[in-house]
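Please find the structures below.
First subunit A sits with subunit B, and in the next complex the same chain sits with subunit C.
And then the complex of A and B:
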């Protein structure tokens, strides 16, 4: 592949992704990916919280406003939540939020929610790689100029 | 006592705010004793030139209601600012962009195409859309231009006081009259940037009983409501109520009538984004019985009861919300 085609394919060679991990499953899964020396792109900035339900929709929106190209939220599988029902709350909250983000024009590819258990290191690496690859194809996220010019 | 010079100008508005002022009933007589109207086109015979011909700073209090939708709205707002010592943003549209600002939502097509060509009830075979000027038999006719976005008043001018509400309710307008009275007799005004409404949330004002633990099983759309307990908080009954994040001051008008709060007074000082906080609150209060046995598809059905989160949670405040800054037209293409 020549260099030029590579450049046109990846519009954004370095996407910034904010990754929210829960302490009990996904965080452990990410640790396992590290100790098992699985390769995944360094474009993610992990933020560990006690439970995925700790993440307020406002955190996600502010991540985008501060310049993130994507936000990935990971939590325990259904039924595995350390706090019993935390991930159900995350699910409901984030599915309404993703609908809302779609309405204001944020591509659904930029916002993802997945469940990763403590043993699923491979799934973790795969999810992160897939998301980074997808965002490389999109232009960097920029907030469009709103303002009062005439139509 | 010297009378206050008052001007009431308007932008993209339904004029409900004007009607709300007249709703003061007998208290309106006090207003007439207190003020001299320099401009109020909805209620009296005033033209824009009457405002233009005033001296700069001649108006003591300028009230503006409606959002900034056309170039003319922006121009009137700027003239009002020049002529007034104090400008008050009156009503949800001037404060947060209001319902007109929902049109700022990004569409694949332009707003004119949606409104003048694609609406099923529209019969427009020639595809005519409003023009800013047209010449008919040698005479040029003009219309104000439409701005790209409908904004809140503070997008174009500096504002001194805020009176939210859709429209501002009588108790709020009474507070404004009190402020005007103090101003007329002593010349004193509250600090700049004051919101003339309560600082607490609606729940503090709403008389419904709140159970110790609030949770509900399912979102209930307004048309599905069968029976409402008139004394119990609306949220445990499954009705979406924006009360927990909304500013008090309306005397709980809607919840008294068994209707969930729609958030027209906007967020309180401590809430950064009205809708996001409500999404967060309502989804955690949802307590689905057999969640553990449900498939992901069934779980989706629970939240699909809110088909339009933007219209539900940002009915009045989209123009001033955090998510409005995310606004991206390029992405949806």
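And then the complex of A and C:
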């Protein structure tokens, strides 16, 4: 759990972020970013599920174990979830998970949850860009003998 | 298992940023990949044929298509699989356009990302399984929300096709904004004359149930089977008993602004919006009436011979099921209160276009003689300001409402016809007459009827004794203009009505930044919405005139009938499934299901009885929340199983 490395721009020029999208609002928001030709860094790799509530905290842990530098979960705004209350559940589950991740030494900067409506393409692009910029300042996240500073 | 991988160039849309040759090269050695191909337009007929040929030649049983968003062509490619006798769910689509080539400019990195995503899909496809498609019955009844011309037309078209329709209108009468108009461009037909026969038809049609003064409060379910709660607000007048005798009105002591007349005239607490209102019945406004809680006045009740008044009416909640829904909740005009720069609020004789409609209407408060609000004088000079609050992204609305040039021209022309010696002056930014016979109408106003058009913006309006000093610039001659007007009319544009915003929330429709309902596709699906089975018509989805509104209503009706005509509909197969051996009966999934689709049931195994989860397939909507809640991986989300997601995570996380 040592955190000796300094945060600098060049720590990790190419962070790798797993991006979860729901099929409804946040997925549409991400598509709209494309239709509007907004630009954001290519470091996010999308996985689409029907609803953010499909995402099991275990999926997030797995992503880190497999070597992802960050995980970004997106869903509809509160009240907009296509499945009524899915995103409330996501919020609660991921709140617990973020505490656990912190306890085992994963920097909170590596794990984010945000709500994107179908029209919020700009917010989507901005969120992605900000997260990539942050992760560039952290060293690559690798564990299990593949290096890694945090565990 | 044999996988075929197809990479679409989408013209230069994808190929411009992603080096597909490299991507193809990178997938060649992935497990199970039999063939990978690049094609210019994979969604085209020949593109689809290529996949079909390969399925035959290589015996493919998994297809990966990397192209645009699955929202566009997933159904297209699923059909390709079906045509070849493969289960449509053996398709895996990768979005390398909206979420790759269009958002990244760097070819090298774009290519890397696309390759990673395709690899993920190939690995995921190893875990995908054929899924059975569920069928559900269809309730062959439509709900139309909003009774303006859009809702009226849609209801009539559906009803005339032979299906039952419930038309829900929030207001005391149907008709919407069109009922407030005097004459309509470009033909100058009287609005009420063409509208009221349709309103009467609605009230008489055996297939239409009209619920005025009512609101949709909750919508549940899905295409073919929407469960809807409707609140019928009390009218306090029994519709069937009211004979429209008007005895109640003179005795009512409460006087308030009349909304239908844009508050230019008063009404009583018991009133009828206008004589042709449908339902043809008076109504009591509970906010101002003195008879409803506490009962301190019952003058109207005392004089009502047919005993139509009932102060004790209560709101009623109805629950009904529908196969399809048409949203026709219309527009409001941009709040003129926001236009302080044009003197609204401080100068009495500055009115909105809709107010002018009421002033010039024979059925309006001044019986068709235009009188200014301040002193009732008949104006000799009227200035019409186009684009008031429109095309002004810095301060007001960014958009053009398409109707204001035309209605201002109409207003000026009607004013000149009433008084040929009068001066009608229009200030405009551009004249937009994009409609059949619209340009001719404008030419006629300018050339034959001597309506003046000045290209330029008005910078200032100042009250000058009993006139309004109008200052502006003529941008064609670059001269400043100063003149005195008796009345100024602001052509305000369209914004979504409050009702449109409310219903979008209830139905979870996506909207644009202004709040208009967003179409499923701006060109090819103009009345479809993000929710299948829910359609939108008229000004709820954007500014438009009556002809366009009516055409849209017709299309929405056809689309609704397409659904109502089916006995059964196929619904998504991506639902929850329980592994009975793994389930330990904890009930976490039961708690997590938003639809109550899971329950614990007792089963018997080798003489032991124990409880496990069981999914009601007709009720499950496939959110997958239960799968995330299960600690034992015993409940899975078909199409998004743990092993599929984990394969993807593994492929994508390596970096």
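As a working rule, the second predicted complex is superposed on the first by the 135 of 151 C-alpha atoms of A that agree within 3 Å, B and C clash if a C-alpha of one lies under 4 Å from a C-alpha of the other, contacts with A are read in each partner's own complex, and residues count from 1 in each chain.
Just so we're on the same page, contacts are C-beta pairs under 8 Å (C-beta built on N, C-alpha and C of every residue); 3 or more make two chains touch, one makes a residue touch a chain.
These numbers come from a predicted model, not from an experiment.
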For A:92, is the partner it touches subunit B (first), subunit C (second), both, or none of the two (neither)?
-> first
Please determine whether it is subunit B or subunit C that touches the greater number of subunit A residues.
-> C
Just which bits of subunit A does subunit B share with subunit C as contact spots?
-> 53, 56-57, 62, 64, 79, 85, 89, 93
If you look only at subunit C, which of its residues touch subunit A in the complex?
-> 69-71, 95, 97-100, 102-106, 109-110, 112-113, 116-117, 120, 505, 508, 510-513, 518, 530, 574, 592, 594-595, 621-625, 627-629, 637, 640, 642, 645-646, 648-650, 652-655
Please give the residue numbers of subunit A that touch subunit C in the complex, ascending.
-> 14, 16, 18, 24-25, 28, 30-35, 37-42, 45-51, 53-57, 59, 62-64, 66-69, 79-80, 82-86, 89, 93, 117-119, 125
Subunit B residues touching subunit A in their complex are 68, 71, 74, 104-106, 110-112, 132, 145-149, 151, 155-156, 272-273, 275-277, 279-280, 283-284, 286, 288, 291-292, 296, 299-300, 302-303, 306, 308-310, 313, 322-332
Hey, which residues of subunit A end up touching subunit B in the complex?
-> 53, 56-58, 61-62, 64-65, 78-79, 85, 88-89, 91-93, 95-97, 99-101, 103-107, 139, 141-144, 146-151
